[in-house]
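Some structures are shown below for you to check.
Same chain, two partners: subunit A is paired with subunit B first, then with subunit C.
After this line comes the complex of A and B, so read on.
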């Protein structure tokens, strides 16, 4: 079994920042594991700008922001493996990994940093009633299809949720020639950044309806329409306010959930509010030597804050490893 | 000229076809959808009932009890997930107590083995999360759970391995009874057969009424469901019913063969045979009913909601047999619950019926009851994982994170007989998109793989039905 001082699970901004910081703090034997075919995580599909204002004092696109860290990782000669999926982490920090070239392997680490990021809430989590046609997809999935695969996902679009990815996609799809008819937010204020409300909705005359949700989805094969309704103080749709809006696509931008299935396999305790691991001031979980940072810990509004947090995790994991010696 | 044409490839049509493939016959299956098991077979409670529910001496009673006993063998032969965790019918008051004793008696009459009546204390030992008001229960040791569409797909694959032909996207428009054969007109041309079997599910009335003067009516009866995450799997370990009503066996809380929890269905007769919408008020009704059976059901771990349509005949029983006025035309209609449980017995019975009508039929000497074992990456040992990735690196590429499904499994399920052609077709067979993220990560990748393997443009990959397109063209 191969041994590492530190294994970082996830090659997005959190994992990259943590690995680089651990190296700066004297840890030699580091491995970063990434399930996709390249490093950078979800930043690779975020081709809009607005990243890095706080860390680098300039406005970068997602791929540019990621590239800075990927370059640094390579310069520091930190070992990484892409196309590598972690199946399990044991509480004594043995990781079961698979890779399409090297097959199944067990590796052992003195310390582990969890940096798996998060996933999007789906329609099922919201229990939106109606039929189940094609054309209902999360904002991140739409973003991947448009920006990575290069395909459009619909022509007449309604977006539920005013999270940042949804707002970004409202603009992106408009620029691709789609008609974004409406953005709905169940709360009485938008959940995304103000600058995104301005730059992605207002600049393109896309209406935002607050205190509104979707109460029905229609269409057997492809979405044909959605029913929009105002909500009462308990966030339930008010029947008398229902309005049917023709569209072929419903995009959901209704929140992110830290992805902690692997954390649980290692015996890491999860906070029921944040859905992330319970950590101390060193970002260490209840399992000694397992740390967490980035969106796997809690969902961040800005990648800059993920980076700052990843530096803490990298430094504290380095301290932990050095103290073992 | 075919010996037999089977209309419909749900669990019933698939089972009949597979039984017919034991004989040296030319069999053609016509399916109007783009996949097998796309109707009632893919949206139901996935239960193999013990058989105490059906009125004694009905088709339902006869086929259910026999069918139940046949599941172990067929699921072993075809590598289909099946378990017998047993089932419980809960009683909350004195009237339920009587119902439960009646069910017990009915079960004995129907020949159901392994029945017993439990008091609350015995019940709590089996199911600690049982509701506070439950006082009594009927326990049926033979109650089972199965992957229903997986069984139908496996049956059709095996039937095709043994020589049966399947035409998808082929909708029957008219049937002409000729002297000793049937001319079946479809949107894809005409086909002729000596025997015609109607296994058209919700549309079995339309098919029957094209050729027989003994008209039948099939009404869709909708049931809605919750599917909960595997994180909820310790909630119950058996199939938990409430006392049945006239129209349905009531709201069930049950584990699935894959470790999820299903809650549902209700039972409402509707007008539209394609209306598979869910409704907030009906889901709330199911939720409140279910919480009487089982405490603390984590509805916040809901993965998806869905509606299934039962094909309910106005006779109240299965309609199985040769139409009185049309020789060689066999109806298998009104197959609502316990249709899945009865499918093995119905398949065998109808196949025998067809063979008897044809007369002088030879056995298929090369019939193989087994299909090629599908490899489930997640179930392999560490060494087996290494070995398979060495052989085919696609098994080392995990496409679905929630269910740990590899690219190798997806490619395999597309290439088999009765293989997947759509995103939901892949999902039904090897489960990417069945998990908690509902395809958020894997859907674009599954579209890429389908496009590559079927050699069609990305835009032509459908979610499910023929018009359920996902992409609308290239970006600028």
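After this line comes the complex of A and C, so read on.
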């Protein structure tokens, strides 16, 4: 079994920052594991600008922000593996990993940093009634299909949820020639940043309806329409306000949840409010030598804050490893 | 008349109040901004609104992988949709380095469209 001082699970902004910081603090034997074909995580699909104002003092796009860290990782000669999926982490820090070329392998680490990021809430989590046609996508999935793969996801679009990814996608799809008919928010105020309401919706005259949700999805093979309704004080749709809106695509931007299946496999305790691991001031979990940072810990509004947090995790993990020797 | 706008320069999103003032140097009085960039943005919104455009273009001989691109500064807001059409005609040839110029001097603004990612 191969041994590492530090294994970082996830090669997004949190994992990259943590690995680079641990190296700066004297840890030589580091491995970063990434399930996608390239490092950078979700930043690769966030082609809009606005990243790095605090860390770099300039506004970068997601891919640029990621690339600066990937370059640093390479300069620091930190080992990484892409297309590599972690199946399990045991509480004595043995990781089961799988890769399409090298197959199944067990590796052992003195310390582990959890940096798996988060997942989007999906239609199933919302329990929206209706048929199950194609054309219902989460905002992040739409973002990946459009920005990385170059597909068109639809022509007439309704967006449920006013989270930042949904707002950014309203603009992006409009620029790509789609008609974004409406953005709906169940709460009485938008959940995304005000600047995004301004530059993503107002710039293109896309209407935002607050205190509204979707009460039905219609269509057999493809979405044909959605039924929009105002909600009462208990957030239940009001039948008399229902209105059917024709569209071929429904995009969901309704929140993110830290992705902690692996944390749980290692015996890490999860906080019921943040959905992330319970950590101390060193970002160490209840399992000694397992640390967490970034969106796996709690969902951040700004990647700059993920980077700052990852530096703490990297430094504290380095301290932990050095104290073992 | 006071015009209210949310600043888009950074995620803070200051609430700007813009009032026409004949006797001020710029012709407007701007309040509510936390930094000078907010004032610059508000003035531009009044005189010549601009937007940074980010998009993707095709890469020659690569399927299912697009190249992210961005304008190095704002271009006139009313030209953004036309510019998007023009951008879609471009195709990048590998190797591509972050910062490589795709379109130079967009509409005579001195602003370039550049690659936002390195692809070998």
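Throughout what follows, the second predicted complex is superposed on the first by the 325 of 325 C-alpha atoms of A that agree within 3 Å, B and C clash if a C-alpha of one lies under 4 Å from a C-alpha of the other, contacts with A are read in each partner's own complex, and residues count from 1 in each chain.
Throughout what follows, a residue touches a chain if its C-beta (ideal position, glycine included) is under 8 Å from a C-beta of that chain, and two chains touch if they have at least 3 such contacts.
Small disclaimer: the values here were computed from a predicted structure and weren't measured.
Of the two partner chains, neither subunit B nor subunit C is touched by A:246. Of the two partner chains placed by the overlay, only subunit C lies in contact with A:199; subunit B stays clear of it. Contacts of A:288 after superposition on the shared chain: neither subunit B nor subunit C is touched. Look at A:67: by the touch rule set out above, it reaches subunit C but stays clear of subunit B.
Judged by the touch definition given at the top, the superposed model places A:322 against neither subunit B nor subunit C.
In the superposition on chain A, contact is made by A:144 with subunit B only, not with subunit C. Of the two partner chains placed around the shared chain by superposition, subunit C is the only one that A:47 touches, whereas subunit B remains out of contact. Of the residues of subunit A, those at positions 146, 148-150, 175-176 touch subunit B in one of the two structures and subunit C in the other.
Within the complex formed with subunit B, the subunit A residues making contact are 35, 83, 85, 87, 96, 98-106, 119-120, 122-125, 127, 129-135, 137-138, 140-141, 144-146, 148-155, 175-177, 215-218, 220-222, 237, 248, 259, 261. Residues 44, 47-50, 53, 59, 61-64, 67, 146-150, 175-176, 193-195, 197-199, 203, 301-302 of subunit A are the ones that touch subunit C when the two sit in their complex.
Across the complex, subunit C meets subunit A through its residues 5-11, 13, 51-56, 58, 64-66, 68, 70, 77, 80-81, 84, 98, 116-118. The touching residues of subunit B, counted against subunit A in their complex, run 227, 274-280, 283, 302-306, 382-383, 385-387, 389-390, 393-398, 401-402, 404, 436-441, 443-444, 447-448, 458-459, 462-476.
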